[in-house]
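Some structures are shown below for you to check.
First chain A sits with chain B, and in the next complex the same chain sits with chain C.
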Partner chain A sequence: MRFDVSYFMQTIVRFLPYLLIVIKVLLYSVGCGLILGSLLAWAKLSKNRVLRGLAYAYTTLIRCTPAVILLLLLYYGIPLLLNLLLGVKITNASKELFLIISMALFCGASMSEALRAAYTAISSNQFEAAISVGMTDFQAFRRVLLPQVVFVVLPPMANIIVSTLKEGSLGFTIGFIDLIGRANVLNGNTLGNYLLEIYISAALFYWVLSGTIIAGIRSLERIFGKHKITY
Partner chain B sequence: MAAFDVRFFIDTFLIALTGIPVTLILSVIPFLIAIPLGIGIAFLRLKKVIGASQLFAVYSSFALGTPLIIQIYLCYYVLPKALAEFVKFLGIGIDIYAIDPIFYALLVFTFNTTASMTETFRSALNAVDQGQHEAGLAVGLSGFRSFSRIVMPQVFLIALPNMATTAVNLMKGTSLAFVMAVHDVMAKARIEGIYSYKNIESYLGAFIIFFILCFVTERLFKLLESRLNAPWRKGNQAKGGEVEVAL
Partner chain C sequence: MIEIKNLSKSFGSHHVIRDISLTINDKEVVALIGPSGTGKTTLLRCINFLTCGDKGEISMGGLTVDCRKHSRYNLLNLRRKSAMVFQNYNLFQNKTALQNITEGLIYAKGLKKPEAEKRACVELEKVGLADRAYDYPHRLSGGQQQRVAIARAMALDPEVILFDEPTSALDPEKVGEVLLAIKRVAREGITMIIVTHELDFARNVASRILFMDEGIILEDGAPDEVFQTPKNERTKRFMQNYNNDFIYNI
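Let's look at the complex of A and B:
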């Protein structure tokens, strides 16, 4: 078995445009996941029992479902449901959209857990102190609680984003052509002769990307932690 | 597009059920192998053994920073080729391609799980106060005794929540074994779905089975946790830190 360095370099160049697709899907999924996660965290902290129960049930459901299965179920299930309920026929829906939806559903569940934990970690005294100096509820949240929540939530956030990145690689199962999909096509075209070069360069892209995410969050932590007073 | 075929759903569900033993093998064996390996590697890294520490840091960051599917491809496609050439080089008459693919599946899941187990035990070992070990030594225990009797029980207790997460993630990860032609729950459901074009029915069956398996696993770990934590219920309960991906 040999390793063709020049072909390896070629695949890296060939994969570069697909890296942008991976990043795009990741950004959309994490963005939507953050919104969903905040809503779920709010529901989990609310006094309404039904709301709370639903949010927890959702998190458990997602936590116990493999990403591939959810993705495939959504991909085949949503068009069927829409057809049955509304009579809308979806024939060529964007595969990217389905991937983003399922990744966002995953991301939202773990994000809500991280946000809830961070929120409960900050004592309610902080909020009361802010109110007592004359801030409104919103001001207290935005100026006092939120900055602290962000600081606490950053380390788990790094993990969540990296796992969303990794789960996003499953798009090939619904025929979405991102980095892995392209690698599979390339591997098929070359009849498996350059297997090592192709998959190692794909792995390298993901490795660098997740390393960058972790390093980025670490530096954000430093920025947000700068004003933290330690007693 | 046809409506939901209940008959077919029940049939494929029953077929997928026969894949449960394989799914369990793929989840339990790597998990059990990963525990001692994870403890060993975590120890090497905490002790900062030159060479091993750096090597395993790179290993962890690769295993946790790249998608499982790429690791599967590399293991399933590349390893047999390399092994075949190695065997040819040695001149032994073993047919590498006759090896059951489940062997490669076990290998790659162990590779992946050991990395998260290492991180789990690294943070748990860190969380136990050094003074505990020293106290053990002070009352006359040998270094090994103090470690195994005093430190490790506490480490396990702290590591348990993260071990549960690792176990559930491993179980979910085994749903990708279909790529390696291993006939687990997912693969059986998928084959039925592909041949009949009834994807939703077949994947729904796999979804239900996986959900129940993962849910039960999670509950069992919770039960174990509360049992083991019972003596310390009041006051200072040990708390596990988040697993950090080290890169």
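Let's look at the complex of A and C:
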């Protein structure tokens, strides 16, 4: 067994276009997840019992479900269910869409917890001070609370984004061809002879991407944490 | 003028404020004193609705708000007529000293940014912190933070400034500088209500003293009156402790 450097380089080049697919799935999942997570966090912090209960139930259910199972259930289950209930036949469901949906559902659950925790970490005194100078509730939230929440939520957010990126690689289980899907195909075609070259170069993409995300969030922390930096 | 009419507030079965009615005239400096846990802070917070009374009315600068039915709009307007200085300063942690002051001016008063900054600088100068304008609160000492909070309240040019135990969180050395800043506010002729345990200060700066116990105002009068010739038994006992010089035998 030897490590074929030139094949390794070739694979990296071959994988490059698939990086875009990974990034696209990640952006959509995190974007939708952030919206869902904010709504859920808002529900969890609301005074309405039903809303609160539903949000917590959702989070618990999702957090206790393995990502693969959710993905498989959604991809194979929903068309089945639609067929059964409405008689609609979906034959050409977009694999990408289903992957994004299930990743967003996951991402939303974790984000809501991170956001809720961050919000409760900011003292209610800050809100009181803001309305006492005559700001509206929204202004108080926008100008005083939100910037502080963002700063607190950034570190857990980095974790969530990176794990969403990595869980996105499960797309191959429903036959979605992204970086991992392509790697599997390649590995099959070469009968496993270049397994190391293929998967290490795939891993390389994930390392670089995760590293970039982490570094990006670190610099955001510096921007939003101006008020915490001591010289 | 501030008018409180039949204000009551209870937390669960604990009656914190029992049917208080009170009128405070313009330019009066009122010190609200009394034992801990008797509703002084709650009364103060009811005035700008940080705590909503159970029943009663608050009037301020021609606006009357009923505790039981009030619109968001009325609350906002009432709060814009008043300002508050908190026990724990409560400066906006994510804003510099200067921004702490301009924030309210820009968003509540609708001032343009340069105008607001000019105003803020003047107020910072008054509390002796012009050189700390661009520092974030965590870089300031407790006394400095509280002085910024006083400047923030002053800049809003409110009908009344509510002080909620402004010196309780400070060490004795810092208490002096904050009291001095409050005194300066008093000299400008702004109506103030001060909840405090600094009796000497209350006596010195206030034009009127309210003594409160168990949710009722027991004594209401000029400082000398209340401190030297209190009418109520409870007040007498409280003042005795204050007037006594303690002798410790070790």
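Simple rule for what comes next: the second predicted complex is superposed on the first by the 226 of 231 C-alpha atoms of A that agree within 3 Å, B and C clash if a C-alpha of one lies under 4 Å from a C-alpha of the other, contacts with A are read in each partner's own complex, and residues count from 1 in each chain.
Definition applied: a residue touches a chain if its C-beta (ideal position, glycine included) is under 8 Å from a C-beta of that chain, and two chains touch if they have at least 3 such contacts.
Model, not experiment: these values are computed from the prediction.
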item: Per-residue touch tally on chain A - higher for chain B or for chain C; value: B
item: Which superposed partner A:Y76 touches (first chain B, second chain C, both, neither); value: first
item: Contacts of A:S38 with chain B and chain C, given as first, second, both or neither; value: neither
item: Contacts of A:N159 with chain B and chain C, given as first, second, both or neither; value: first
item: Touched partner set for A:G192, first chain B, second chain C, both or neither; value: first
item: Partner chain(s) touched by A:Y206 [first = chain B, second = chain C, both, neither]; value: first
item: Partner chain(s) touched by A:Q10 [first = chain B, second = chain C, both, neither]; value: neither
item: Doubly contacted residues of chain A, that is, touched by chain B and again by chain C; value: none
item: Chain A - residues contacting chain B, complex; value: 1, 60-61, 63-70, 72-73, 76-77, 79-80, 83-84, 89, 155-156, 158-159, 162, 165-167, 169-170, 172, 180, 192, 195-196, 199-200, 202-203, 206-207, 210-211, 214-215
item: Residues on chain B engaged by chain A in the complex (per definition of touch); value: 1, 3-4, 61-62, 64-71, 73-74, 77-78, 81-82, 85, 168, 172-173, 175-176, 186, 199-200, 203-204, 206-207, 210-211, 214-215, 218, 242-245, 247
item: Touching residues on chain C, where the partner in the complex is chain A; value: 48, 50, 72, 76, 79-80, 82-84, 86, 88, 90-95, 103-104, 107-109, 136-139, 152-153, 156
item: Contact set on chain A toward chain C in their complex; value: 125-126, 128-137, 139, 143-144, 147-148, 151, 226-228, 230
